[in-house]
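Note that the chains are named A, B, C and D in the order they appear, and that numbering of residues resets to 1 at the start of each chain.
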Amino acid sequence: MALDDRKSDFTFVGTRPDRPDGLDKVTGRARFGADAYAPGMLHGAILRSPHAHARIVKIDASKAEAHKDVKAVVTRADFADVPFKPGLEGEFWNVLENVMAGEKALYDGHAVAAVAATSALAARDALKLIEVEYEVLPHVTDVDKAMAPDAPVIREGAADYSVPEGMHPNVVRYHESGHGDVEAGFAEADLVIEDSFATEATHQGYIEPHACLATLGSDGKGELWCTTQGHWIAQKTCAALLGIETSQLRVTASEIGGGFGGKTTVFIEPVALALSRKANRPVKLVMTRSEVFRATGPTSSASMDVKIGMKKDGTISAAQGVFRLQGGAFPGAPGDMTAMCAFAPYNLTNVKQVGYDVMANRPKQAAYRAPGAPMGAFAVESVIDELCKKLGLDPIEVRLKNAAHEGTKASYGPRYERIGLVETLEAAKAHPHYSAPLKPGQGRGISCGFWFNHGGETSVSLALSEDGSAQVMVGTPDIGGSRASMALMAAEVLGIPYENIRVTVADTASLGYNDVSHGSRVTYASGLATIKAARHAVEQLCARAAASWGIPVDAVKWENGCAVPSGPNAGDFDPRPLADITAHMGATGGPISGHFEATPEGAGVSFGTHIVDAEVDPETGKTSVTRYTVIQDAGKAIHPTYVEGQYQGGAAQGIGWALNEEYIYGDDGRLQNSIFLDYRIPVASDLPMIDTVIVEVPNPGHPFGVRGVGETGIVPPLAAIANAVSHAAGVRMHQLPMSPPRILAALKDNG
Amino acid sequence: MSKFHVSTTVNGDAVEYLCDPRETLLDCLRDKLNLTGAKEGCGTGDCGACSVTVDGRLVCSCLMLGVEAEGKQIETVEGIADGDVLHPLQKKFIEHAALQCGICTPGILVAAKSLLEKNPNPTEEEARYWLAGNLCRCTGYDKIIRAVMETAEELREAS
Amino acid sequence: MDYHSPASFAEASALAANAPGITRFLAGGTDVLVQLRSDLVTPDTLIDIKKIDGVSDINSNADGSWTLGVAATGAEMSEHPELGRDWPGVVEAMDLIGSTQVQGRATLTGNLCNGSPAADSVPAMVAAGVTVTVTGPDGDREVAVEDIPTGPGRTSLAKGELISAVHIPARGENGGDAYLRFIPRTEMDIAVVGVGVNLRLDGDTITEARVSLGAVAPTVLLVEDCAKAIIGTTLDDAALDALAASASAACNPIDDKRGTIEFRTEVAGVLAKRAAKIAYARAKGEQA
Amino acid sequence: MVEVHLWSGLRSLTGGQQVVEVEAKTTGELLKELVRVHPQLQGPIDAGVSIAIDGRVIASGLTEPIPEGSEVYLMQRLRGG
């Protein structure tokens, strides 16, 4: 991509118009996953294993099948044969095994059979008629225990090339990277702190449970409506799991009620399709909240050791980390990402990081906002804070002293292009929050955070109408207001008002392939594609104007929504507005559209710095967050209000992760807290207002300078709050969540 | 199991449906009356996405049976706007970007409207506690609370 | 599931007495529907008592006591102009249950009959000396609230029996009550520990006290040692410490997803002190 | 010639080498050459890699040009949420 077409003065970009789907969403009209109905529709329900690990000896569904309300029962035998491969290469097999158990149930909540019946109640009742005989096996849910020599083996042969000899079969991937000589670096340090940390698994906690409506005929043609972050990946995966051709399955993404990474894969969709194929009727399948917690994709839990050496002046002389992540009964825990992100904010001479991907009897982890990064940041930034405290140094000054900048060799390898970490730290230092006095019992914490961001396959199509309005078809489900951003970018290029542009999330039959709405890629990649598609349309508009004026096309330029003659020999013509050209487009060469299909590379990494004040009740260990400020580099904020929203949302999820959210497994391997009453996400009265500062250090890889903003915001909060708690209560917390019993116990241990 | 015939009023319209006694009011609104504005986020009264008012009282429609609606006056998100004129809360939510994904929005609007009808001048703390049963996972509540507080102020000035 | 909505408690009792299998009474339904929805308990018979005359009433009696209908909701209690002036602890305890939405439905009676040792309103009712009328096939009887729960999810009500009214004693002079609970968030949680305190003063000295603990034993406890620790004192530091020690000593909790044994035992003492201070201030007519 | 820096976990597959020199003008050629020189690198490449060229991370594209003298790092394939 040419980088000489950068733009920095904007008319529409950077303004804050109403979102195009606002009216639908405040009136109840917007259609989410569970809001679809079809003639003749059946309701599905899934039978789930009550055991953490068990061989499925026999499934007898005859009573269910005989019931008059039941129209289909499916088990693993109703899906395609998908080849098994180790590591992440066999991802289709992994997904299939997760969607419907094969020989073994691998976690509490693992699907073992499903029914379709004439009503939702009938389907639920029919599940009780299915008899499953299990041979219960020993289980393991803890990451360290899952790596121990005597741990039950989840599955032999799942490890890929990377795992060193002699490791337990539950260790399925291994990562090691870094540079310099850490031992030499530790020798140079005035103070070395080595400490261990653990984080429990959390759930994305989107309020909308997974839901879909599926139709699949014996002719291999199907329709799928579902709530997803990526309907093309759903299409591809479902086709593979059902043994049909990808293009024969049309997938439409509903409005999506939150995803945060958790809706980047499929869970119930292939099951609904299999039921529909068997019953020959449309099947609607909606998860209960309990199913969402037990059987979708929470984060990994982590166990980590971090060692950092610092000189008296605050220079980090060496840093080393070992990050063990448990990601459920399948490969995929992002130990590699944790390792690569953990030290990424710093300019280090000596750094080494090791990551493990470990299987245990838990649901298959899915992405959750900067997957893997928050845990590592918690461990690393906690140790840095402790070093600052012991050496009497200001935590922002120390981070500034060690901050990565353009040209720094990143801990994960390459050198950084232009990045904005220093700018976020300078903004933090200057922010009134950082110098505001604290009340007794309060503490202030700081943390930096890093995330890569992603480009990915992207297709956008833009069509102009005769009246001069424009429609933009994008393929990335709108998870946080992205249709507004797309319309702003299209408006900027076309020079027509924002309101005259309608952005639609197209179905898989209407547009080329699109990667999932993940990796903070939507505003970056679909945005870039929208800009390019609009420019493609503008080229044709200029050509039509040139033809009408009888001058060469390179003598026409596009300015403020009009074709204007340009250059010394262009001649003197009145500008032709877009609507004037499109009004006659049918007769002057046909419809005018622009499109763009590519895999944009150059997403540009992003950094943030958070400041948080917390108060700890010394008698109960309860923590209140009293003030919070997020400072993050957005590159260029297209719609600043929604950028702020991403910052605030990331911080709020981080607060939940830090203080109260966790997967709690009993000794029996069953999930103890599968409802919102006991899985404690922050409620309105738990949080203060969350201040934001948008730093803009343009990304050289995007025409308007955009960096992804969705994920980085969840990276710093865990450590920032842990550091605030440490300053407020005088105890260093090593385990998340920092729930009141844990803090009170730490206070007692501390005397 | 025999079904029950229920006559009730939803957003001012007289409606009737047949329901199994196990079906919730939320099931009936969505599956029998095609009013899908109220959402099921949890089914246990913990998320508030199914909030409606029954005889003026804010409740979770997932915690009430369909048969209990007999003779009641029910208001849902679909009834908040006055024809094509949005309620000030609805306008303010759009203006403030008080929604990202929008799944919690119907419940929060119903709950916030109920708050302002009972307490036209809530403190921020009162608004936060009133809405504590309405989970939002996208926004961190900041813009929601701002939208509610600003609407309250505007409504007070207008009256 | 059969659904009935009888017009009298006698009819409700007769229905329940003759119903096969599992019977549940439906008042606010905030527990019954959760259990139904999650397939924990699907009753064979569900008896909705809200069509019975007067079940939502909140009446003050001539002697200063209160009679509450069994379907009076938390919201109705909070909105009542005088009930909260007499019994702020009971009203606040009820108000702590669930969200605003849950308050629109939930009832004292339902909270009591659900049989949870963590029920917020129960310690407050026990401290206040609340009694209930139980209607059964053999007529009515009066029962103290503390005698209703017998264990987690279990009550002393026999088949065919149901609670038909709630009686809160007269507040009387120089009395105050308070309820505090510990939850990790600010709202929407089940109590990890709950403490209800009700006391009366003569001058600055406590002459009567009832202290009740929730979520620290299989049932809500009425702890006599806690009362003894503060009766005859002016709630000075020594009395508060003795109260906390008695509260902690009375705990017989479990480790579970909501809290540890150590945490519950420790925090029961902390909350007992805090609740006693509030009740004491209220008894003196101070704001608290 | 392009110097390709590997992550240290790959040393076991390259006989201890962490920098491999190959002849390549695009990212696709680079991967092919890496496997030719060190056949055991097929595993990690199949599992998914990204390539950083002078700090710009190419997540998956095989047609990206590699300018002469640029600094090239092989990275594990990035995944988002």
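Keep this in mind: a contact is a pair of C-beta atoms (placed from the backbone, for glycine too) under 8 Å apart; a residue touches a chain by one contact, two chains touch by 3 or more.
Note that this is a predicted model, so its numbers are computed, not measured.
J.: Higher C-beta contact count, A-D or A-B?
T.: A-B
J.: In angstrom, rounded to a whole number, how far apart do the mean CA points of chain A and chain D lie?
T.: 26
J.: Can you compute the centre-to-centre distance for chain C and chain D, using the mean CA position of each chain? Integer Å is fine.
T.: About 67 Å, centre to centre.
J.: Could you please state the distance in Å, as a whole number, between where the Cα atoms of chain B are centred and where those of chain C are centred?
T.: Result: the chain centres lie 29 Å from each other.
J.: Multi-chain contacts in chain C: which residues touch at least two other chains?
T.: Residues 37-38, 186-188 of chain C each touch two or more of the other chains.
J.: Can you tell me which residues of chain A touch two or more of the remaining chains?
T.: Only 260, 288, 675-677, 682-683, 685-686 qualify.
J.: By residue number and range, which residues of chain B touch two or more other chains?
T.: Where chain B meets two or more other chains at a single residue, that happens at 22, 43-44, 46, 129, 131-134.
J.: Give the pairs of chains that touch; include all such pairs.
T.: Once each pair is checked, the touching ones are A-B, A-C, A-D, B-C.
J.: Over in the complex, which chain A residues touch chain D? Could you list them?
T.: For this pair, the touching residues of chain A are 87-89, 160-162, 164, 173-178, 260-261, 264, 334, 336-337, 340, 352, 366-371, 412-417, 452-456, 516, 518-521, 599, 601-603, 605, 701, 711.
J.: Residues of chain D touching chain A in their complex?
T.: Counting only chain D, the residues touching chain A are 5, 7-9, 12-13, 40, 43-44, 46-48, 52, 54-61, 64, 71, 73-76, 78-81.
J.: In the complex formed with chain B, which residues of chain C make contact?
T.: Spelled out, the residues of chain C in touch with chain B are 1-3, 26, 28-30, 33-34, 36-38, 42, 46, 48, 50, 73, 75, 98-102, 104-105, 186-188.
J.: In the complex formed with chain A, which residues of chain C make contact?
T.: Residues 37-39, 182, 184-190, 192, 256-260, 262-263, 266-267, 270.
J.: Chain A touches which residues of chain B in the complex?
T.: 20, 22-23, 27, 30-31, 34-44, 46-47, 49, 76-78, 80-81, 86, 90, 93-97, 99-106, 109, 125, 127-129, 131-146
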